[in-house]
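Next, two complexes with chain A in common: one pairs it with chain B, the other with chain C.
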Partner chain A sequence: MIAAYRRWKRLHPAGPLDYTRKWPMQLTLAATFIFLYAPILILILFSFNDSRRNIVWRGFTTKYYEKALGNESLIEAFVNSLTIAFVSTIVSTILGAMVAILLWRFRFPGKAGYEGGMALPIVIPEICLGVAMLAFFARIGWPTDLPWPLNLGNIIIAHISFSFPFAAVVIRARLAGFNRELEEAARDLGASEWETYRDVVLPYLKPGLVAGALLAFTLSLDDFVITFFTSGPDTVTFPVKVYSMVRFSVTPEVNAASTVLIVITLFLTAIAMRVQNRSAKRD
Partner chain B sequence: MTDAIIEIADISKAFPGGVRAVDAVSLSIREGEFFALLGPSGCGKTTLLRMIAGFETPTEGAIRIDGVDMAGTAPNRRPVNMVFQSYAVFPHMSVAENVAYGLKMDGVAKPEMARRVEDALALVRLDGFDGRKPDQLSGGQRQRVALARALVKRPRVLLLDEPLSALDAKLREAMQLELVNLQKSVGITFVVVTHDQDEALSMADRIAVMETGQVRQLAPPAELYEHPNSRFVAEFIGKMNVIEATASDGVLTGPGLGVIARAPDLGDGPASVALRPEKIRLNMAPTPALGKDEAEIEGTVTTVSYHGAESHIYVDAGEGVLLSATVQNAERDAAHRVKRGDRARLCWRLADALVLKE
Partner chain C sequence: MESWRSTPRVFWAVFSAPSFWLVAFFLIPLSLIWAYSFGEKTGIIDIAVTGTLDNYIRAFEPVYLQIFTKSLWIATLSTLICLAVGLPVALTIVYAPPKAKPWLLLLVILPFWTNLLIRTYALIAVLRTRGYVNFGLEWLYDQASWLFQIVGLGGLGAAILGERFEPVEILYNNGAVLIGLVYVHLPFMVLPLYAALERLDRSYLEASLDLGAGQFQTFWRVIVPLAMPGIVSGLIITFIPTLGSFLTPDLLGGPDSTMIANIIERQFKSANDWPFGSALSFMLMYLTFGALALRAFLGRGRSSGLEA
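Showing the complex of A and B:
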């Protein structure tokens, strides 16, 4: 076996640019993969662990999935998270696209300042944003006793405010490669300004919109810090709920719920990438 | 002029920063002609075209298309269509959808739309390509789509911005012929912007040569080539030898060269004499009998540049005068007879030398 490998290696020597066949590169790759994925794999693996303490492997079971699905407050937090993520993604993407088009298309006084101000939530520490949101909603007297899903309003607003700049940046990057002659061609062929956006700019923008939406969705779904400050006792989200569960003990139930979240995220990403690949092929 | 389809009156375009891209240009384009705007990059030709299309607003002056002043008319309301330099074929639409787009915007009924799209695709020889996506087409085919898409709207004028610059040399030549044939068969006025003088000469009925925002000369190709009105036009169109000469008593003499041109009406003083390389004959032996209407100078061959069908022979005649003569390689192996360092005589008819006052 080893002799055969040596023979193969002698017959196929690594070229000067075959970095992946040199051991430092292979080691780096292996290390990267281990650091990135070992914790996630362990999380998924231990969601099937038949042990309450979840430290030693005690055999395979799916009962913690049943338990997680039966945990009403966990499910409630999960539904809250998905609702918040869904609404804030839609609003962030639309708002981000509008900002991106505004900055790409028009010149106006104070544009540089506006652009900087728009990107501020990206650099402001989350903790500051969280405290600011808390103070803001307390100051304006945001009602706390609204029925579901209106009671999620303040969290949704907070999520939109920190995720739309990310969407705007992604969409703007896509716009930068837009051939302005396409827009002019549509105008030349009789399209009004609105029709030009609908028929030419938006289809071109689709991969950017998908990428921006995906980013906004994941940002919202796993946000803890800002949500922690804006959520009340009746508006617990999934990350906040998991945090409170972990404070008692890390049970396989938490692992199981997290695994479900990972699967959902992977599924959505796969759909988004399919959409993007199909549009990217045409450029 | 009654048959003018586009009238441009004293039009100027100043960009922020004070650059006058187009400076007081007036010209009229006739119905059904193939008109070329020719000039080096930055001469304002594309800006002028974009003002006709409505993508730029003139700072001063007026554009009338078919007698109607276009001031304040948006691009989508003008009776002109444009073929863009990048072709701007919509990447997410099929060939047929691209061609149909303009008709859809006009609200043309479905059956008529289908018929016209089919006709337009046949016109540019793209029948059967309806369902293809632009990324499955070659550059030449994409250009045909852009042409069909513009022509299907039956515009009064078709504007083409550097239509051939993105094609390779062989295809460009074929497309030149095809564009001319297409224009003659549809009878629509074509206005083409180009920096390639060869392209303009071979395609256009009339050419406006532009420089620094102004029209230097507007004439049919042959007149432009044989009777340029300025040194700029003379040197921009084709190859040109220019000799700094002195005029006195109606004849021009070059530095140490004797009489090289005649201009009875020209006053005394310095003037330029321009000579096309193909109008110069190259003799290796002394000319037996020089006619009295001919000029001859002697010099040393400095470079022989071989181009297959012809060779360009560069001759140093002393006093800083370097002339090039074009020799047709009509016989096989004729090019090898002239060598660097040979003494040669250049000879031309005085009537073929052009006197430029500037």
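Showing the complex of A and C:
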């Protein structure tokens, strides 16, 4: 095996730019990936560790997952997070698609300023948007005693505000590759404006919409800072709940709950990449 | 691209909803705290907008000025560390074999998709006094003192290593904040660097190497100048979220690791001084805009320089 590798190496000498085959670069790359992944992998590994102090490995267990599942306030926070992310994703994707079509198709006075305005939610610090939302909902007197899920309304609104410009960027990138002759052909063949959009533009846009939606979903599911300022005692989301648990101590339940969330996000990312790869191949 | 006048109905259909949302649920909330920043508290929850500049003047008091300079300093330092780590990583990935490239890139992007809070929490578990880093150090200590014991130099070992293993305090100080900020923001740096290096014509590098420059010389005199636009945008894209970070200093920092976002949070929660908190928010925002303007300015100078 090693001999075969040596022979391969002799036949394929490393070029001057084959940095992946130079040991200082290999070392840097390895150290970076260990730095990025070791904490997360340790967290996942020790969520299965049968020990509360979770330093030494004491055998495999899933009891912390059962405990996390039995923790009612944790489950409630999880359901809240998913509900918020679901509604926010739908609205953000629709608004994002509208912005994308608007900026892709039309020339209008003040367009550069409009684009800048749409980019604002992407660039301003999260904390500023968080406190602005807190002040805004306090000022308009947003009712705090609504029944579930209406009491999540203010968090959903805040999430849409920072998600839809991101969705717009992703959808617009997809739209940029659209061949407008297809649209003209559809119009020439007698399709109305609406039919053209429904039957020609939207099918082309689908991978962009999926990618935009998944980005909006992850952004919403991950958000802590903005939610921290808009959530009340009855509207705790998963990150806010984990935050309050972490403040007290590091526990295997938090490890277990975090692992579940990591798996969900990885799953969604995998779907997003598959969709994008498939559409890239088809084009 | 067509004028909006050619199909005004379609234009208004796609223009109205997002514009309404942006104004109602983004610009108005921001304007509200902008107005508050010129106001003063008249009761527990009442704020009168009087046009006073007191909040901004207060932000320049030494206590707060020190937090501002410290935040700028921490953000700058962690951005530079990200650059030092990110540049070789990006370079290696750009010239990796085509099959490995998407996977290496995926490994850099993946942490992006993992919850920030969970990553910070994972770091706490690793760095704390009874965490894995200290656990590993203790193991090394035990091995070393055991080695000293078997060669009969137990006394010397104790003198060099100390009588007992003392865990290193890594968490809850400025160093931990720095580690945390680099940990969280490294992908922000690698991606723009990758994009810039990918566009770079590799024949320049080959020419430089052929003509007798070493790897180091090629790096400093060919790669870095050519990748400068990417380096500048990487620096600024990393600097902006680092400067405004709340969670990392809050969870990993000690009492003296407060950054701007933490004092803003305090004004809106425990201290309940919204006008002052609003003024601080806007100062943070002006710093952000300053960084963005700098990027636009440097970017313009760079492209016109290349054309000339």
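The rule we apply is simple: the second predicted complex is superposed on the first by the 263 of 283 C-alpha atoms of A that agree within 3 Å, B and C clash if a C-alpha of one lies under 4 Å from a C-alpha of the other, contacts with A are read in each partner's own complex, and residues count from 1 in each chain.
We take it that a contact is a pair of C-beta atoms (placed from the backbone, for glycine too) under 8 Å apart; a residue touches a chain by one contact, two chains touch by 3 or more.
Since the structure is predicted, the reported quantities are computational estimates derived from the model, not experimental observations.
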Looking at the overlay on chain A, is there a clash between chain B and chain C, or do the two fit? fit
Between chain B and chain C, more extensive residue contact with chain A: C
Who does A:181 touch here: chain B (first), chain C (second), both, or neither? first
If we overlay the two complexes on their shared chain A, which of chain B and chain C does A:95 touch? Say first, second, both or neither. second
Under the stated touch criterion, which partner chain does A:211 make contact with: chain B (first), chain C (second), both, or neither? neither
Chain B versus chain C as contact partner of A:32, first or second or both or neither: second
Which superposed partner A:167 touches (first chain B, second chain C, both, neither): neither
Does the superposition put A:127 against chain B (first), chain C (second), both, or neither? second
Take the Cα centre of chain A as the vertex and report the angle out to the centres of chain B and chain C, nearest 10 degrees. 100
According to the stated criteria, A:200 is in contact with first (chain B), second (chain C), both, or neither; which is it? first
Chain B and chain C, minimum CA distance [Å, superposed model]: 10
Which parts of chain A are in contact with chain B and also with chain C? none
Considering only the defined contacts, which chain A positions touch chain C in the complex? 16-20, 25-26, 28-29, 32-33, 35-40, 42-43, 46, 53-55, 94-96, 98-99, 101-102, 104-108, 114, 117-118, 120-121, 123-129, 131-136, 138-139, 157-158, 160-161, 164, 168, 193, 218, 221-222, 224-225, 229, 239, 242-243, 246-247, 250, 254-255, 258, 261-262, 265-266, 268-269, 273
Chain A partner contacts - residues on chain C that touch it in the complex: 1-4, 7, 10-11, 13-15, 17-19, 21-22, 25-30, 32-33, 36, 45, 85, 88-89, 91-93, 95-97, 100, 104, 106-108, 110-111, 113-119, 121-126, 128, 130-132, 135, 183, 186, 202, 205-206, 209, 215, 240-241, 243-244, 246-247, 251, 261, 264-265, 268, 274, 277-278, 281-282, 284-285, 288, 292
Residues of chain B defined as touching chain A within the complex: 53, 55, 74-76, 80-82, 84-86, 88, 90-92, 101-102, 105-106, 133-135, 146, 149-150, 153
Using the touch definition up top, name the residues of chain A that touch chain B in the complex. 179, 181-182, 184-192, 195, 199-200, 203-204, 279, 281-283
